[in-house]
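What follows is a group of structures, each given as structure tokens.
In the two complexes below, subunit A is the common chain; its partner is subunit B in one and subunit C in the other.
The block that comes next holds the complex of A and B.
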């Protein structure tokens, strides 16, 4: 176990290092540089020989270390070394200095920008993950226990439709039905757009809902959670079914039945526990998503979370922001992969890491 | 006498059936897969004859803006008064072209890397599989978005051969060079990030075939490595490969639609199902029906390819069924 962990940590370090190189190269090695769009914008507004285009560009290049050799600017971004006398010190992204945003929220640090969005994403992702697990596991178990029954076929077909469904369109259809038409008809409807309302609104049965109350937040959360859950449910119910079928074929299940145990206990005590072991992987691999959010769902519902932050960063050409988000997601993905493997050995002692 | 014995012989020996016939018979049993195939073929026909289906121009603005569906405009009109059905039918050309082209490329790349890696093993295999692992750790949608942003920002200019541009322009009924290039960029990006699963699949098959006696025999006969791979191994891997490719076409179409929906894919005025949805989203509170149809086509296409793949899996290799 010890040597295994050491080896995995070394691998992890190499992969993270490679990922930072790819991220940095992607965003900085573009011909014309990451600021080529900005130069065009300056020329458009001020004319090619307009006031201060050249000097403004030079200042921006300097701010982003783009006038330095690539290896120097990469290292300064990564670890804050080499320190240069005529420029502000950088902490380095490996040590937690994510830099400052310069387009989405000029002057604000990327860390504080993330802080302002992370709560919303955590709320959405946790509720979607919990809801999907609560629905998917019973469905998967039932489908496996009654294999080839009507329920199994229904679950299989449902999962088929769920995986084929483009999530952004599903979201729009939900908004159309439950937010638009239900409201038109005067029925109980669900508010959408943003995570909270701006002003009080009336909903049948509930009366007037005040903005930023728990009720308001809850109502806004319902539709995005359902939409996001559909995808997970489709995948995870299939996963549970396969895993349960695998376990039901095992000898110890036959033994349990042979010694006369009631079927209910065979399922709940012997099979279920073992069938749920692979789900540990799913939960661990959900970690980067908890941080990164769901780009498509957040866009459709205008949910102010990390996914939308990423999109607005990309749209605005806010490279420090985009690089930070890519970096954090990559690190979390690698770490959660390791975590999944390690957790697996704890819940399933049969597996030995070597 | 002679006639009797002939009939008896006929009755006793089963009729020779060609391989294709057997596959088709098994495939036909899967009703949803047949339906999927029919839908896909109709979509292809709809795309191919898109300019003859309606009397309207694809990109010409008219005064009839945001009409709801009627006999005149089957699926209504958009914010510039263009007929939605015409645009959706043209978009089928783009979506299907992207889907098939990307799958062709990922299968080609995956097949090459997977078979070389599985056949030779050793450090080649190690390197290739580490590359696959690495690519799988990078979150794909954010990466796709970044790459699409970089390519569309005009920084990179890839010179495509004239014939390639003309061919794709002809298939997609797009004459503007810049738009064709944009589509080709999207195809390249999706192919570059999408070959990993195919490579793993082929590698797995080759690994198991490598130890079989017929491979050993071919090697003893002095058959070259390339010939062993292309003549003896790839044909054996064809069944799972066809299934994976079919499923991949549906997936690629959804991803392309997602990119275009987010505004990082193919740009208007070239219609794609994804960017039609993006326009519809802006008007969701005024004209909600506009969001219904483009997405319905994405869903239908993706579902059809999924069912087709499922049916092919049953038909091509019954052992594959779980």
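The block that comes next holds the complex of A and C.
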């Protein structure tokens, strides 16, 4: 296992290095150059021949190392080397220096931007992931055990619904019904927009809810969690069903029955234990998502999370921000792949790392 | 009527698989009995329905298969009508089954000792520790060396032979009244095979266990069985005591199995190959399933074989039963058999069936 891990870590390093190259190449592949967004903004505010547009652009080029040969600027971004006397020192993204934002929050470090958003995304993604697993796995198991039953067809229909439903439409319907109409009718309703309220509000049964309390956060969390979960539930319940059907056909399930085990034990002990093994991959590969957030859901619910941060960065041409987020996602993806492999050795005695 | 004590009786059992290609008649009207304290050998080519027959007895056939007809009587109790809650008390306890393919029959994620122990937990209510201890004793009893350590192994860490012994230990754990052994010694080498057979025989003697022994190995049948059932394409085609089957097999298929001309004192170890292939079991015709491969049919110029399904009926006065038109008449088709025993069959007919001889 030791040598296996060393080998995997080396592979992992190579993959991450390649990823940084691709990410950096992206910067230079932006139509009109990486600063086209900034220039457009300068022109918009000052006019095409406005004061200092040209000299400001030149200064920005220098600030961001865009006037250096590509290999130099890439290496400075990656590891902070070579150091240049007339330019500020860089720490290098590999050592955690994500640089400063150009546009979304000019002058603020990307790290602090991420810090302000990460908590919200972790909260939303974790609750959606947990809720989905809790619902999807029992649905999948039951659908498989009672294949072609009414329950199975219902689950299938539900999964199609969940997969086919555009998130923005479903999200808006939920907002309309549970946030808007329910409030209009004087019923219990759920607040939406942002992760917390700005000022106290009244909800029937609960009374006055103060901003930034746990209750306030909880209420804001409900709708986006449900909308996001529907998507995961649809996929994961299907996945569980397929996996369970596969296991139920195996000889050892018949052996368990032949021993005289009651059906409930045959399913919950002998079949389930095997059917859940492939779900390890799903759970591990969900990890990058926990940090990356859900772009559509966050947008619909105006949820201040990582997904929306990424979109704002893309729209504004805030490349240090975008590149940092891509880099983090790449690292998390390869790490969680490794994690999945290691987890397999714990849940499946047949698998040994070698 | 004879008065024999049957521990298991199977009457007109039909188990079909409802597949996209049609109804697979895997078991198509099986009649069998297992006498108390005896060993029934069941032989037949691969795919003839041996395993499905006895899985049906324990009601272990799953989708897309279903028992469509018939009756299974164990100790005078009709198993097919039993509620599932009573059935689980029979499985693994009163009737145990040892399956083919031991490695895939063991759960890959549990230790083999725990899997054997589960039987004791289920039927004797032992706690896990006691159950594992009994499991280790069982494993030692079936000849697994260093049983305590081997109990900690996972199935994939075992050889086929070792895994088969684990299956046998599991099957014998509760000293069942009836043990169904589905090719239990196929994966084992000769010495271990002999040990396992001895063990089964000892148990049979000591506790009066009855055994159904499904096998391809006629040598094992000769050694172990009291009665023999020969199966072909989902049906029993011949049933008699072990002496008779080797001395005077009646049904052409059985004769083929034994090597056409049985030589006294010589026992064939492997099934002889018979020309032709095993018939398709999807929607079979009302005819003899063996007809396309039967030389006797051609030699005797029989047309009835393809028009009417022969029935499993006695030949002579013994318990010897055969499913073949060489021995039974069919009055409704004006047919008289070449080796007529004077017993008449009233079979299912093909729509085109016409009286054979005026």
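Methods note: the second predicted complex is superposed on the first by the 330 of 354 C-alpha atoms of A that agree within 3 Å, B and C clash if a C-alpha of one lies under 4 Å from a C-alpha of the other, contacts with A are read in each partner's own complex, and residues count from 1 in each chain.
Operating definition for what follows: a contact is a pair of C-beta atoms (placed from the backbone, for glycine too) under 8 Å apart; a residue touches a chain by one contact, two chains touch by 3 or more.
None of the values given here were measured: they were computed from a predicted structure.
Room for both subunit B and subunit C is found when the two structures are superposed via subunit A, with no clash between them. After overlaying the two complexes on the shared chain, residue contacts for A:172 are found with subunit B alone; subunit C is out of touch. Of the two partner chains, subunit C is the only one that A:263 touches; subunit B does not reach it.
Of the two partner chains, subunit C is the only one that A:348 touches; subunit B does not reach it. By the touch criterion defined above, A:292 lies against subunit B but remains apart from subunit C after alignment on the C-alpha atoms of chain A. With subunit A as vertex, the superposed Cα centres of subunit B and subunit C define an angle of 70 degrees, given in steps of 10. In the superposed pair of complexes, A:255 makes contact with subunit C only, with no contact to subunit B.
When subunit A is checked against subunit B and against subunit C, the one touching more of its residues turns out to be B. When both complexes are overlaid on chain A, the residue A:274 reaches subunit C alone and has no touch with subunit B.
Using the contact criterion defined above for the overlaid structures, shared-chain residue A:37 touches subunit B, although it does not reach subunit C. Contact with subunit C, but none with subunit B, is seen for A:147 once the two complexes are overlaid on the shared chain.
Minimum Cα separation between subunit B and subunit C in the superposed model: 8 Å. Shared contact residues of subunit A with subunit B and subunit C: none. Residues 55, 58, 60, 62-63, 84-85, 88-93, 96-97, 99, 101, 104-110, 118-119, 122-123, 154, 156, 167, 170 of subunit C touch subunit A in their complex.
Taken in their complex, subunit B has these residues touching subunit A: 134, 137-139, 141-143, 145-147, 149-150, 153-156, 250, 254, 257-258, 261-264, 277, 280-281, 284-285, 288, 291-292, 294-296, 298-299, 302-303, 306-307, 310, 322. Against subunit C, in their complex, subunit A makes its touches with residues 147, 248-252, 254-263, 270, 273-274, 277, 347-350. Contacts from subunit A toward subunit B in the complex involve residues 15, 18-19, 22, 26-27, 30-32, 36-37, 160-161, 163-166, 168-170, 172-173, 175-176, 180-181, 242, 288, 292, 295-296, 299-300, 310-311, 314-315, 322, 325-326, 329-330, 333-334, 337.
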